[in-house]
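Heads up: the structure comes next, in structure tokens.
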Amino acid sequence: MCLGIPHQVVEVLDRDSCLIRLGGATQHCFVGLIDELHVGDWVVVHAGFAIDKIAPDDARANLELIERYLEPVGSDPLPSEGEPRA
Amino acid sequence: MSNSSEATLAPPRGRSTSRYDTVRLAHGSGGKLTLELIEELFVATFSNEPLRELTDAAILANPGGRIAFATDSHTVKPAFFPGGDIGRLAVAGTINDLAVMGARPAYLSAAFLLEEGYDMEELERVVRSMKATADEAGVAIVAGDTKVLERGHGDGIFINTTGVGFLPDHVELGVAHVRPGDKVLVNGTLGDHGIAVMSRREGLDLAVELVSDVAPLNGLIDAVMQAAPGVRFMRDVTRGGLAAVANEVVLRQPFGLRVFDVAVPVHELVEQYSEMLGIDPMLSANEGKVLIIVAPEQAEAALGAMKAHPLGREAAIIGDIVRKPEGVALVETAYGSRRVLEMPIEEQLPRIC
Amino acid sequence: MPEVAAARSALPYDPATYKDPELVAQLRVRIARLADTIARPVKLMHICGTHEHEIGRYALRDLLPPSVSVLAGPGCPVCVCDNEYINLAIQLSLQPGVTVASFGDMLAVPGSIPLEGERRGDVRMSLLDARARGGDVRAVYSVFDAKKMAEANPEREVVFFSAGFETTVVAVAAMLRRGVPDNLSIIEANYYTPPATSLLPQLEGFDIEGFILPGHAVTITGLRVYDHLPALGIACASGGFEPVDVLASVASLLEQIEAGEPSVTNPYGRLVKWEGNERAKEELHEVFELAPMRWRGIAEIPASGYKLREPYWHASAARRFAGRLDPLALQGAEHPKGCRCAEVTLGQIRPNECGVFGTLCTPDSPYGPCMVSHEGTCRAWYAYGMHKESLRVELV
């Protein structure tokens, strides 16, 4: 439905706009729909505007949730596919 | 071709060496202005013996043996883009077509289709860029032609270049020589040109600082052929990107081509812009990249030769030729899963989804 | 807890975590184990074109056990966009003095205006065809680019083709609230998905047990808008777009199905909240209101699309140009016969069950919308849908 890519804020320009880091360069981004934005924050950008930010606590909680789904490889037989990488 | 007499003469202008600041129909009419343009711009800039003679055809030395012969017409919007311009593109494009056949490019012709009103100073920049690129490749531009299209009947500038190269006796390249187990190499990051040009297109307001990779590759290819005589096949990777070339290689062949996703070199900026715009660097255009298929025991030698060349520092072995699936180009991901590398169909456009 | 993950969780956020092959491998084990326990075929559905794209790009279906399938539902803006809007965009682009600015997604989609003199047969016109016939059509990256285009060309009317879901429409709302030049208007073709997902379980033969919810649309709306689905027996999990995210959503859905307790979980919680982005919702609902909307080939669904509220009618292209357009042509002809995109979009049939798939309808000559968009189910099947067997590699 909607492409969105995480980028880090490098400069807050005004209430509605900021610069985001993009592979060593920067790019303008509309951030008028996010409260309290700081340099270093991660935002997810869709078609030139940030749909929301990723708060550090939420990121940590997200990873903890995903870790609950992990199981060590080798604990279960998986259908083996593919050769060893070249 | 259209032409008409000119009633008024424009005053001489600053930066341009011409008396005219724009191209006029009379510059293509075969009369005085045409001769002036040829002598003052093309002959003066390209500067070589056969061209100076102003004969109907260039008379060239022939070392004997087979020749390679290629032609290519060029149009690019915008004509000047980060890292290059249509002139460099036109010269490098035909040189690369010759070089990937294993030939040593020697001579080029250049034909210009200019729109009435085209900026003369811009034309001079294009021509100087062509000369610089030809010099870089050790190739002479020995024949040419200019036509002027009425305003509104062209898109600024089109350039056709045709080239001749000499093919050493022992060189035999082609898909027929490719075998399962062969390695697939590229000389550097993919997709740079496509993104650099897209970043300058109207409507796409991108602050990208990426430059096109447009370059003549005959020097690099020469070095690879010396280091690895077991090269089976080469093709320059241009429009349609890696996906197009990979599919051309396997078309109706009794083997497949496997690309390892993580082995494909992509400039960090290209990767991130591609993600942002929703396009695929493997489908994005290049103008200074070659795909080389080489016998497995010589893959490291070929890679070393590329890395030692300025245009191959980020060269990589990106995949291999497999016996099955036949006729398919596929991508193997970092997760061991596989997908078909589709033949591109239409131009890539930024998407929301 | 695995060491890699332990080291990573020390960082607040690192995007690379969610592409980590080690985490993917460990999620695969969990999914395989859950599938074993469930011990019957399970069908899941995502409702997002970007999910289809990422699943295809990383060949994630290849990593699932044979008993677990993930289908593509009505989440591709190109596939669900009704002919009416495409025809409107085409007609406007052919008007003197009008520029149509659109996301690249919509340019190749045929509407229902027949393409005169086309040798391939019954082919309908797309915006690219309109451009080839002199229409002024531009691809833009964002609505802000369209605004700049309008500012730079005050003598022209710039019409922005506002397609997509809430993620996209919210930027349009924000822009309109902040003021735009008089010569900018929009085609209101934005869709709201929850009513369509409520429709799905009512269809005959519906056997989807879980939805991967569209992570970026629910970032705006909040997960709450899907809270009616568990009562219908459907498991739900928010879905991020990296390989780790997609597999985590699948694992979460299988857990719910295994337990027989459908709910709404949030494996994309670093971005998605139960209530969504409040500020974005406020601006969105100030400018737009929900209205009945036709989904291509499916039905008109109540309150499933965004239309401008009265104070913003001046920015509606349909209203602004009403007098200058041909209503008959807007309506267009019938959808090409034989195309079963609607059933494909609803997950009722697989693309290869459609009679024109791969014959009359191919990526280089698409007959229906699901073949046009890269995220369209038919296109994805055509590109990536070869059976696993045929991609089994033999070296020598």
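For this structure, a couple of remarks:
As written, the chains take the letters A, B and C, and residue 1 is the first residue of each chain.
Everything that follows uses one rule, which is that a residue touches a chain if its C-beta (ideal position, glycine included) is under 8 Å from a C-beta of that chain, and two chains touch if they have at least 3 such contacts.
None of the values given here were measured: they were computed from a predicted structure.
When the C-beta contacts at B-C and at A-B are tallied, the pair with the greater total is B-C. Chain C has the C-alpha centroid lying closest to the overall centroid of all protein C-alpha atoms shown. Per-chain CA centroids place subunit A at a distance of 20 Å from subunit C.
Remark: subunit A and subunit B have CA centroids separated by 36 Å (rounded to whole angstrom).
Annotation for subunit C: residues touching 2 or more other chains are 25, 48-50, 62, 76-77, 103, 141, 144-145, 164, 167-168, 392-393, 395.
For subunit A, residues that reach two or more other chains under the stated contact definition are 1-3, 46-47, 81-82.
For subunit B, residues that reach two or more other chains under the stated contact definition are 205-206, 276, 278, 320, 332, 336, 338, 351-353. Partner subunit A is touched in their complex by these residues of subunit C: 1-2, 5, 8-9, 12-13, 15, 17, 23, 25-30, 32-33, 36, 47-51, 62, 65, 75-77, 103, 141-145, 164-165, 167-168, 170-171, 174, 178, 193, 214-217, 219-220, 241, 244, 247-248, 251-252, 255, 266-271, 277, 279-280, 283, 388, 392-393, 395.
By the touch rule above, subunit C contacts subunit B in their complex via residues 19, 21, 24-25, 48-50, 53, 56-63, 76-78, 101, 103-105, 107-108, 128, 138-141, 144-145, 148-149, 163-164, 167-168, 243, 363-364, 373-375, 383-384, 386, 390-396.
Subunit A contributes residues 1-3, 5, 22-28, 45-47, 81-82, 85-86 to its touches with subunit B in the complex. Note for the complex: subunit B touches subunit C at residues 180-181, 202-206, 256, 258, 276-278, 280, 320, 322-325, 328, 330-340, 342, 345-346, 348-353. Only residues 1-4, 6, 16, 30, 32-35, 42, 44, 46-49, 51-52, 54-56, 58-67, 69-73, 75-76, 78-79, 81-83 of subunit A touch subunit C when the two sit together in their complex.
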